[in-house]
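What follows is chain A paired twice: with chain B in the first complex and chain C in the second.
The block that comes next holds the complex of A and B.
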């Protein structure tokens, strides 16, 4: 009914950026609609998190219980369900992350609260909520409305709302953990990706290949081109899914974030999980489709057949090099 | 192990110049395929069946055009297929689709239910997890590896930045499958054609357990309009012949990139 609630996200003792991104957007919505902004942090030893979050919220509700040491989406659903019953928030904001994606949809279904996911924008006009989200891997935007109801749930895309300290000093409330049934799901362990032989995060120049290269047989040609340019070879997720290159080469939210001087994307359409992980000085994209989302971040673009362009480009680079 | 796998037929918009028409895209002339994540889910279901025995049933929502997606599942190794189809399903959002699918799933014996982690058209990434809540099944999302053992599933979930998480669930359970979990076998046109004689059971809203006041145009959310994403950056497109473009780009790499 009233209030904007942000569910803070943390993993292995670290608050995740999405928490502050949601609080930034939540603050904006709260300001425009006169709603209050509450952050909710659920876990074990949440006190320090709550204090940090208090600078960005009106109220922080911290739930601290030793049984909450490891994330469990089912338990999050049970706890949030009790909190929703008690506070009846108008809007519940959750990250569109591996954690948020895990518990938000089931929470919405169990409570019969309308949800839309992976939002890139939100508007709150009185009690009327409108969301913008993307379809077809970022090629189309959709405006989503909600059937009038007491509460709404949204998940927010990472990296869209750059956080800034808002300087409030929110009230800290520690709430008793609502009772929850034991979960059938058991946490076993975290596994970190093995360190590979090539560290693409250290490269000054990256030639990054996507599904658009068409076939694993084109990998050697791309490797040769990268070598001619003095670059390392990286890739997008579909290339790893197809086992054309190993996971250590993957640029993306589930892979690596890269910060080269030059990023040359070849045959990468640019899903947001990829774009969010490219922090280059200059981005060049080669793609068949002039409306591929990769061009949303590219300084220079070439539309055409990469299999024709890359060998010619390699020749031109070698020629320029020879002239030095 | 009796496995149900949910699949969706989607337009392939990878290299398409998408045209908007009202609240939909114009799919005329676009090739259609099975949602990529669902291909991994079907492959995983069939591999589990091959290892542990049992059956695989594929389910989809849609009109007869969606039979393609079910035939592809048959060609991969599914044993049965169900298509739930009703005009009142139109306009369903992710949770409403989950309610429809859960209605169909609850009437079929199952030890394990698999969904693709997301669909390439709507990209909600929510339907499977919502269905788990409706069915009251333990679940794990974004699964990139799984092992079954003694009535339990050990699933590796993909988190961010190369981090994974391993969880254990009792059966029956629901998993959403992330791309890359396996290498889906090659399915020939011939294989799909051969599957065309297999029976697809078609069910209407009245034949599954679903509350029609909560689905279709009664969904909690509604798409009001579609529009092209705003252009955030002015990309300088290089033009000319392939040779000219190559020379221009090589010069840019030298001058601005300082790469050689």
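The block that comes next holds the complex of A and C.
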């Protein structure tokens, strides 16, 4: 009934950012409530992970076993079950990721612990936990109060907290791997998303080009810009009609509805049929026409010749990223 | 597999003599796999058919050229609507069409915009609302004119014209809901029935006797599919032509432009309204009025009907609206005038794609009237 536990996540030999994001939030909660912060790392050859994590936690418990080479939600659930029985933590933080969501709900049900998923913030007042999660596609932040309980489980959304180490030098403990029954699930292989096809509906950042880019020969420039920004390239219908980009890239009421965090509309005038399918957090418009309707809904706008603006933006982005 | 026996019987497709006038007049047949004559033939021989989401059925713009040309008086375009309905029942519907239908169901408009914003276009205008006042005429705005900033200008122009002529009109404000025209044409008959019922209840509670509609699509649905015999339904071009005839509106300012009129299919081919829009345009002083070669019954469809505002269909050939703009450019036209929100939008897109953006303007007739007042 005490302590904040963070379940570290790693894949293919790399610790994932969500681990440090949770530790960052966990540290803040621990500081405010006087709880200790413990990280759990489960896998094969976890020594290097544990050392890195120690810079962000008071204690790191490493459970090392050759059988844990690849992720298996059922095995994670069994191991965590044993850990909960032994340590009785107040709060267990798990990433709201494909892996985290594979075992977190089952674990909560098996241990009869209340769970709130996909949290974007947490508050701990004494032993009382409040979580913030989003409703109505992010239009509302709802505060979820837990009934006072001995333990809580939360899953945290990725990318909300900065993944910075807190500079502690935590204790490293290695625990014996609890026994777990044979799992019906078997790891077969990792399948990478095919390169070449792009699902613009899943992109966090979109560079979207319109008729205003003037010529198909400007597409490679826009692709390079999107790449520098870590964005995907989408477009308006006229660009598809002119066959400058394939239909899978079309945003609009007869194309795809997109929900990026940032939508950078380049040379798009902003017809209603297009904008109705853009549900972005931030819209940035670049257009030569200051009266273009896109500026009515854009959060930020640049009026001018995109052929001059885009290379400058690209340079600035590369500089910020510490590139050339 | 879809059993189309009931549908072909209801629509009397066995009377088809396979003359092929339908497919020969179909604006899509030249650029898509859609072949309405063949569909009728296949279904009358074997009513069990295999359809899938990517079927060229979704290419149909519901312009009804086939129906207009059928020497047996059949309605081939209704067969397509019926088959789309069967596809929807099996869940085989393009996702963009599904989303627009869901938006109509949930929000009363196919773009899923907030109901509260439906009267945003009236800002700064004093327009009666039938929820708290009486008026002779219900001005039925249409989802496109209420929400699309480009088409809002048409609604504002019409409100100005009504005011100028001293017409006693009002709107339903945020109570107005989609007419369901495109819902029906996409094949969602059940949702359409629900819409009709709700709208009729609203019309009756507001004592509506006379409706003037912005869009030929709303006009067609309200007039022909609502069974509202007690209500006179007009398209705005009919009403305004009457105002001009009765001397209640005079167009005085010179509009020194070459103008051609594009017939909206839902107004012309489907409701035989060809003359009123032309009378209005010819009454505007200074206009040099030209006719397209493909006009009136033979008018070229803009491809915005039959749900195609929310669908790409399977064909990737040149959009007919682009063909239309190129024809206009050859004729030396300054302005293509039309009287339908969807034509306005598809033609404006086509002007951009064909590179005539600076040379040819697309205007709704109402906008030209306001310029001439």
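Note that in this section the second predicted complex is superposed on the first by the 200 of 324 C-alpha atoms of A that agree within 3 Å, B and C clash if a C-alpha of one lies under 4 Å from a C-alpha of the other, contacts with A are read in each partner's own complex, and residues count from 1 in each chain.
Rule of thumb we're sticking to: a residue touches a chain if its C-beta (ideal position, glycine included) is under 8 Å from a C-beta of that chain, and two chains touch if they have at least 3 such contacts.
All values derive from a computational prediction rather than experimental measurement.
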(message) Applying the document's definition of touch, where does A:254 land relative to chain B and chain C: first, second, both, or neither?
(response) both
(message) With both structures fitted on chain A, tell me whether chain B or chain C touches more of chain A's residues.
(response) B
(request) Would you sort A:315 into first (chain B), second (chain C), both or neither based on which partner it touches? (result) first
(message) With both complexes superposed on chain A, which partner does A:276 reach: first (chain B), second (chain C), both or neither?
(response) second
(request) Would you sort A:237 into first (chain B), second (chain C), both or neither based on which partner it touches? (result) both
(request) Scan A:173 for contacts with chain B and chain C and give back first, second, both or neither. (result) neither
(request) Kindly classify A:205 by the partners it touches after superposition: chain B alone (first), chain C alone (second), both, or neither? (result) first
(request) Could you tell me if A:48 is touching chain B, chain C, both of them or neither one (first, second, both, neither)? (result) neither
(request) Could you tell me which stretches of chain A are touched by chain B in one complex and by chain C in the other? (result) 211, 237-238, 241-242, 247, 253-255, 257, 269, 293, 296
(request) Would you tell me which residues of chain A are touching chain C in their complex? (result) 211, 237-238, 241-242, 247, 250, 253-255, 257, 269, 271-273, 276, 293, 296
(message) List the residues on chain B that touch chain A in their complex, please.
(response) 13-18, 20, 25, 93-95, 98-99, 120-134, 138-142, 154, 156-170, 179-180, 183, 214, 218-229, 231-233, 235-238, 242-243, 245-247, 249-254, 256-260
(message) Taking the touch rule as given, give the residues of chain C at its contact with chain A in the complex, in rising order.
(response) 96, 99-100, 110-113, 147-151, 308-312, 316, 319, 322, 345, 348-349, 352-353
(request) Would you tell me which residues of chain A are touching chain B in their complex? (result) 11, 71, 73-74, 77, 96-99, 101-110, 112-118, 130-131, 133-147, 149, 155, 183-193, 204-205, 211-212, 229-231, 237-238, 240-243, 247, 253-257, 261-262, 264, 269, 282, 284-285, 288-291, 293, 295-304, 308-309, 312-313, 315-317, 319-321, 324
